[in-house]
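Following this line, the structures themselves.
First chain A sits with chain B, and in the next complex the same chain sits with chain C.
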Partner chain A sequence: MNEIHFNVDAGYLEGVVRGYRDGLITSPQYLNLTQCETMDDLKLQLATTDYGSLLQNEPSPLSTSTLAARCTDALVAEFQYLQQNAAEPISRFLDYITYGYMIDNVILLITGTLHERDTHDLLEKCHPLGFFDSMPALCVATTVKELYHTVMVDSPLAGYFRECLSAEDLNELNMEIIRNTLYKAYLEDFDAYCRSLGDPTATIMSEILSFEADRRTVNITINSFGTELSKDDRARLYPRLGGMYPEAQTKLARVDDMDQVKAILEQYGEYRSMIVGVNLSMAGGDSGSSALSLEDRFFAKEVQLNKDSFEQQFHYGVFYSWLRLKEQEIRNVVWIAECISQHQKDKIANYTNIY
Partner chain B sequence: MAAVRDNVFPTRMNLTVTKTRLKGAQTGHSLLKRKSEALTTRFRVILRKIEDAKLKMGKVMQTASFSLAEVAYITGDIGYQVRENAKRATFKVAAKQENVSGVLLPAFEAEVRAGAGQFELTGLGRGGQQVQRARTAYVAAVAMLVELASLQTAFVILDEIIKVTNRRVNAIEYVIIPRIENTIAHINSELDEQDREEFYRLKKIQSKKKERAARAQKEIDEAARRAIADGNLHQAVGGDAPAARDLLAEQADEDVIF
Partner chain C sequence: MGYAGYARAAVGATTTLLALWAGLYLLLTGRGERFNVGGYLLRISPYMWGLYGISLCIGLSVVGASWGIFIAGSSILGGAVRTPRIATKNLISIIFCEVVAIYGVIMAIVFSAKIAAVSGATGFSRSDYYTGFSLFWGGLAVGLSNLVCGLAVGITGSTAAVADAHDQQLFVKILVIEIFGSVIGLFGLIVGLLVTGKAEDFAVAVL
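== the complex of A and B ==
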């Protein structure tokens, strides 16, 4: 019966988000972008897209970092518009989306605090989507313990911290491990929240989040080869959801090289197709290969899942999906810009097409 | 060229000294020439290496910065995180000195500490492989830069030193040696001149002496003849001594001046 009341609160926002979706760059436009020879050409081509007005006032030698910054600004502005117009259930959902960015910001601040950097500089580096009210207060804290007691307990992330870390851990553990532990807690919490929202949202989001969890699992496994991360720690970083939980995760926790990962992934239908033709010797550092990497496959899959969520109505997944698609689009545009500015035209097609 | 020469007093000792100097200058010249040749050979080798390195550099840097773009594509901005986690340098440059025919050339050597370093877990969630790959690419690029820096410094220093050496070689060859040779020639000619003067003087004295001896002889003969002519043999025999005395008194003639 959700559908009857859906439009009361969410109808306008859903309309807005679907409108945003139509603004995403389409494949003919991507083709035009890849034809560009210089950054000025690229700017000209982008003028026909939603980014046109953003880049108008940029001075002519457009750098990729400016491009990325402007695009992110646009994304943030659009998302904040959604947040400002959201009422209770959606606003909470949107908040959940921002928690991921908050984790990154908090990790950034903790890292900075550990190294006694000026916290004001750090705030500028934070992702604008991950801002929360008490975050400027993080500047006050000078030690990690203080940071935890005075600031973190009030932040939305307090729950994740409480579950998995104590103040002592913050000093000792590698920041990257903390980040992944938090992210794992966040994913589990987000999934639980989505399930509590009831059917259309729950189904769609759990699919996307499962994939996200699986991707993290695989990535953590691959990236922990040859590092100081022990196998027990590795298993502890796997999110407890997704198609790979728990069976494949227990197996992945024990593997030592890419071939074993491949053997395990082959047992799962949706991932078997993904690893076919993937250059598994990637870890060897062969950057000259133009073959699609596993990451590219993951991106393509993510885009596919997020596109699918637009096929249904009356659910909140569209907001999450739109944000992911938009992020992918920014990555694509920046990638194309990088390829153009570095004269690496042969790899320019490695972006992930959306529509 | 009007003979440029050192302002020395033309004596035999100075001649010996100047000859020693000439010898020294010639030895120095040949040594410097050899040094300059050795340096030039080295210079050419370095030049070739620099060319290779610079060509390679472009490629390596391109790969490196492109791998960073790949990281940005997949992982996002990790620069801050990596910078904060860097605690100890894994890449160190040691400066050494290399001796090339007396010239000290600085040589830089890269030392890479084994292991992935502190940020091996960066991008654990996503893109860790790309991060490591970018790292490898940049280590290679920095190693290349160090090599190039070492070559480039050597190049500049060698260039300077070769110029200085060549200037010295030319100075010795075209200025110092001719001057010393001129000096020697000058001293020699002066000494010869002195010899000739001395010889002439001796001759002159000899001829004067002969003249005088001839005149004295003539006077003695004259006196003897007069005595014989007077028939005063006895007086002539007895007056032998006064006659001799007279002759001595007569000798007060003018000094001979040459």
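== the complex of A and C ==
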């Protein structure tokens, strides 16, 4: 019965977001982009896409960072248009999406402050979707408690900080732990919220969020090798949802190297196909050779899930999925631009195709 | 549960107790036959039945049509932001919804033609009662089927709009499904006509 009242609040926005989805770069356009020899060629090719009008006024030697910045601006403008036109409960759903960016911004600012970087530079680097009012004040904090009591208590993230307060001082390792604890609390909260929205939003979003949780579980495991993080602490960072919770997580919490991770992943049908032919030694995300890394496989799977969410109408998942697809597209465009500007044309095909 | 919850529970309990008390009082004092639903329904004037039927017929049809137009319209609006070409083409979904209201209007006119002043000294005849009941249930059938038809067409119309915005070729395919949806309203119309077909006009029965 969801269909008969969904459009009251979200009909217009769903139509708009589906329009945005149709503006994503398609595979023939990607092929054209990869044929480019110079950045000017790339700019010319991008003029036929949705980014055309944004890049028009850029001076001619287009740098990759400008390209990335303009693309992100486009994404943010579109998302903010959605937010401005949203009413409850959809506005709350969109807010939930921005919390993830807020966590990244908070961590970026605190880490930058620890390294005594200039606040204004840091603020410029923050993702615009994750802005909140008291954010510039973050730089004054020295301990987690202080951080919580002076700044975070008014922000939407306050609830997620409860578990981090045990960490006393802010140092490099603690920052990563705080980031992951925050993200874990955020994922669990977002999942609970999506479930409260009922079908079909709950079904579609729980699938996407489960995958996100699984990906984080694997990444936390891989990144904790060779650090001081104890195995109990590692298990505490895993999000309590997803296909790997709880069985695979208990196994992953005990492993020491990549081969054991691989052995565990191979036991689950969903992930066995994903790790076939993957060079796990470079799973940390740096795609050095032309072989696909585990990270790329995860991206491909994420794109697939997000594309599937557009197959159904009358649910909120499309907003989340569109944002993720658009982000992937920006990563693709920037990757192609990097390959062109650094004359690494043999790796140019390593982007993740969307449509 | 807040105070509103307590208040609701209190009102519910009081009503139940009062109803129970009244029922038991009548029953135990030997007047249980006053609980006569059939007699109550028969005491309602046939005019009341007939006019209720007519108002339900037009009312529910218009609700269905407008609801469908709203569902389809908001999606057409959203989809047309990027692909303006869908706006004109998808007006057909709006028209399909509108047709549902027109069914309701037609049937209300047909039904109301049977209403006329009864001038006999004997009051209502058996035929008058039959006309009243048939108008009520015929009108209800038309109204409900049109309400559901409007919703169905609206939801399919909304899907047609977003699908058309994505891929032009999908429009005709979804339109076919939309037509099947809009036939539901026609079924109600036919049944409504059949149900009231044998009912004679109020005035004719008396003159």
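Here is the rule we use: the second predicted complex is superposed on the first by the 317 of 355 C-alpha atoms of A that agree within 3 Å, B and C clash if a C-alpha of one lies under 4 Å from a C-alpha of the other, contacts with A are read in each partner's own complex, and residues count from 1 in each chain.
By definition in this document, a contact is a pair of C-beta atoms (placed from the backbone, for glycine too) under 8 Å apart; a residue touches a chain by one contact, two chains touch by 3 or more.
All of these numbers come straight from a predicted model, not from anything done at the bench.
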item: Chain B versus chain C as contact partner of A:13, first or second or both or neither; value: second
item: Partner chain in contact with A:215 - chain B first, chain C second, else both or neither; value: first
item: Which of chain B and chain C A:194 touches, first, second, both or neither; value: neither
item: Chain B versus chain C as contact partner of A:354, first or second or both or neither; value: neither
item: Touched chain A residues, chain B compared with chain C; value: B
item: Partner chain in contact with A:313 - chain B first, chain C second, else both or neither; value: second
item: Partner chain(s) touched by A:22 [first = chain B, second = chain C, both, neither]; value: second
item: Chain C to chain A touching residues, read off their complex; value: 67, 70-71, 73-83, 151, 155, 158-159, 161-162, 165-166
item: Interface residues, chain A side, partner chain B - complex; value: 64, 68, 107-108, 111-112, 114-115, 117, 125, 174-177, 179-180, 183, 215-216, 219-220, 222-224, 226-229, 237, 282-283, 285, 287-288, 293, 295, 298, 331, 334-335, 338-339, 342-344, 347
item: Chain A contact footprint on chain B (complex, rising order); value: 62-63, 65-67, 69-70, 72-74, 80-81, 84-85, 116, 119-130, 132-133, 136-137
item: Chain A to chain C touching residues, read off their complex; value: 3-4, 7-8, 11-23, 313
